[in-house]
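Shared between the two complexes below is subunit A, which has subunit B as its partner in the first and subunit C in the second.
Moving on to the complex of A and B:
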């Protein structure tokens, strides 16, 4: 049923979303593996010379720490960095795509990249994949008004029909000839989600800028912000101590305090604080600026020496095995 | 017109406190006067129970003398505003003059109507043009209706009585500003998802003037006034 994709498309592919939904609905008790969420604290603020971004370094998989020292501050351009919260893969891939697109954009325009451009590209992409289907879906609603029973089209993709989902309702086209190939429509026919919340910060010709972008594509321009599961803790520190036009030292201190609050008071955040300072002169990333919660040393040895458990009886049963086939494959060692 | 209800998305984005999408949960208002309009909004953006941004300006310029006020889902509203700004700029270039407020309202209405199943945002369009002067258009769910004044957003439900009783035709710009400020302040006082500061924009032939009314300067009503005994006793215990 699943056909190989001979024409690989760039960008995100949501082909499996429908299959997973079908599996979940038809096989009771099946838990589809969920994407790993970073469970993060990320924060950013604008100070007198530029922007400071901060992030923790813990990546969680439900309640297990999957990565104790992951990097959440991503490079977009030499003067623009982006912190990502939400689903780790989504944040990583989105920011990588942004970095590539910004480089191409800068090369084709011959101008240095701007923070507003990154923010616009990000939110347009997130909006596309997080909500509306543009154009195509309207047609299918019309067909659906006939009130036909929903038909499940099975696992794979059918060229002549497809299912689209809008706001939790299913619309189907049955077996009508669409007249188009599915992969042409697919980027827009999905309610695929990119679960990435991002803080974009940078210094360009217009000055220092800080934007927060949410998974559905909304954005805000702010002087200080925090996102992720630890955002409440971080925001409370920032709200209390932020002043406009702080010096570099004050700004760094505040960011460390804000992310530390997230690390200590949020279960999904932990390990170290990473920091990125961006000014007119350039950007500087510092990994593990601070480690608020040091893992304690084990108090004793917990390995038992051999012989601690007494052996009462030992039985050896040889297995009668017969050699059936022997093949020798020589390796080319020259 | 009832404010747009909240959309219940599944809580996929566990990082955000509360459920699902970012909403503006707003109070927006626009009033027409002879020679222009006054547009006003609060500044709160909420995601479930958390306030994501307390100083968000919901008045977005669509063109030089045309503004729109955003409400509903923040992502949808911002996306519609971007699309409308782009289309209007193109339209203005083709026309080689300033587009009409009616054109801007139609552009917004077309987008809202075409994708009304998928989108959940309401943009109120207001501005000034040389033909019809100040105009206010509501584009809720894809209709187009011109009104002498309009309120929108979740907070508007609490002030229908006030605006209906207080509006008088032929108000001056200053009276319109005061009317808008009072109405939004009252809504902010009763609606949990509206709050922060009040942004005001006055659009006339001369241009646009933006104002921000910060917390301390907000109009105070009977229960917040310094003569109010209950309020004073609360302040005493807080000290």
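Moving on to the complex of A and C:
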């Protein structure tokens, strides 16, 4: 179909957005497919020789475990690794693109890649796709049937003229009817469109560095950090027991404890703890360093012996079958 | 040849397909585009749609104005001339061009973004109608 200024470009295509919005609004019982989130605990810390990154290995799809042993520590450069939380596909594609970009950059500059370069590229890309949050504070109403009574659900953000996302559910404002009821609306629930929070750690020419990057493009440079749904549990362990310039064993122990705290206290994290130790000499990944939660064995036998239930009546009905066709196929027996 | 400056090329709405229609109901492909609705074409369907459409232009504007402030007027002028020269794609309108020189001038031949991974135009499944596109380009349509 010819368009006046048809200039095919790559990148994101928004062709189906209107159709999706229309489908969602018009078909009441439709459950829109959600992106699979990692529901993670990722943690990182700096020790005396380098950086240690740790992550759990569970990927969830709403409330079902989608992958029991997924890899959340991604390779970016031989001396830089990155843990990804948030939407699994976004984290994966983002880190793969960063790895490719770092390789191209290293080839064209002739120098080894640096952690700050990775962080800057990530920030710029995430900010580009975060969407401008020029918003107005609006009141969210629910119109009861009949249109007479209005109940104020609270205050929320109306961003760019679009219905603000409140706690993951779409709401309306003003006179429009709210599809679902929202109890609390917070401006922070509007995620950047690329929903990936990342912990970037590595050792380069300037020393060991650890950065945490958030989905909207903000970042911070820290000595220890945790992200993901289990971040509160992990951060509390790290805050309690972190000391600067720890040895390798202490650092490994602390990371395992932090991620284990996330696994045990958060439903979105689970299975094993993966760990990556990066030093000047190189990086070493260990999968399944520890498994805090083991699937328990069944306690008893649940089969009943024959005759537990009394048989009252027995009838036998023979089926009248007639042979229609008979074929014989010889098997090759060696 | 488009001689307008960068600023006036910014789009604030999604373009409506403009073709001379032989009838009020003609030339609107309901099967591929759905029912025609002006509101659909004026408003963006996704918050990022407009910002993505204008992203390259905005980047270029910013880079050129920085270059002008640092190195004077001649630098961006010469670069824009090179851009225009390189944008005159020699191939026929319905054939895909790799835009290699444009990428080199912009510096995007050394980075990989979503434009290179998703929706690669060289692998697109739809092709424009060759005869119509040539006629349009030559002004016969």
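Methods note: the second predicted complex is superposed on the first by the 219 of 334 C-alpha atoms of A that agree within 3 Å, B and C clash if a C-alpha of one lies under 4 Å from a C-alpha of the other, contacts with A are read in each partner's own complex, and residues count from 1 in each chain.
The rule we apply is simple: a residue touches a chain if its C-beta (ideal position, glycine included) is under 8 Å from a C-beta of that chain, and two chains touch if they have at least 3 such contacts.
Note that the structure is predicted; figures quoted are calculated from it, not measured.
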A:129 touches, of subunit B and subunit C: first, second, both or neither? second
A:93 touches, of subunit B and subunit C: first, second, both or neither? second
Touching partner for A:104 - first (subunit B), second (subunit C), both, neither: second
Which of subunit B and subunit C A:114 touches, first, second, both or neither: neither
Subunit B versus subunit C as contact partner of A:21, first or second or both or neither: second
Which superposed partner A:215 touches (first subunit B, second subunit C, both, neither): first
Subunit B versus subunit C as contact partner of A:58, first or second or both or neither: neither
Overlap of the subunit B and subunit C footprints on subunit A, listed as residue numbers: 131-132, 193
Subunit C to subunit A touching residues, read off their complex: 15, 17-19, 29, 32-34, 40, 44-49, 51-52, 55, 96, 110-121, 124, 126, 128-129, 132-133, 136
For the subunit A and subunit B complex, residues of the former touching the latter: 37-40, 85-86, 120, 123-124, 126-127, 130-134, 137-138, 141, 166-167, 193, 195, 197, 212, 214-220, 222, 225, 227-229, 231-232, 268
Interfacial residue positions of subunit A with respect to subunit C in the complex: 1-6, 8-14, 17-19, 21, 93, 97, 100-101, 104-105, 108, 125, 128-129, 131-132, 159-160, 162, 193
Subunit A-facing residues of subunit B, complex: 7, 12-17, 21-22, 45, 47, 50, 52-53, 55-56, 73-79, 82, 114-115, 117-119
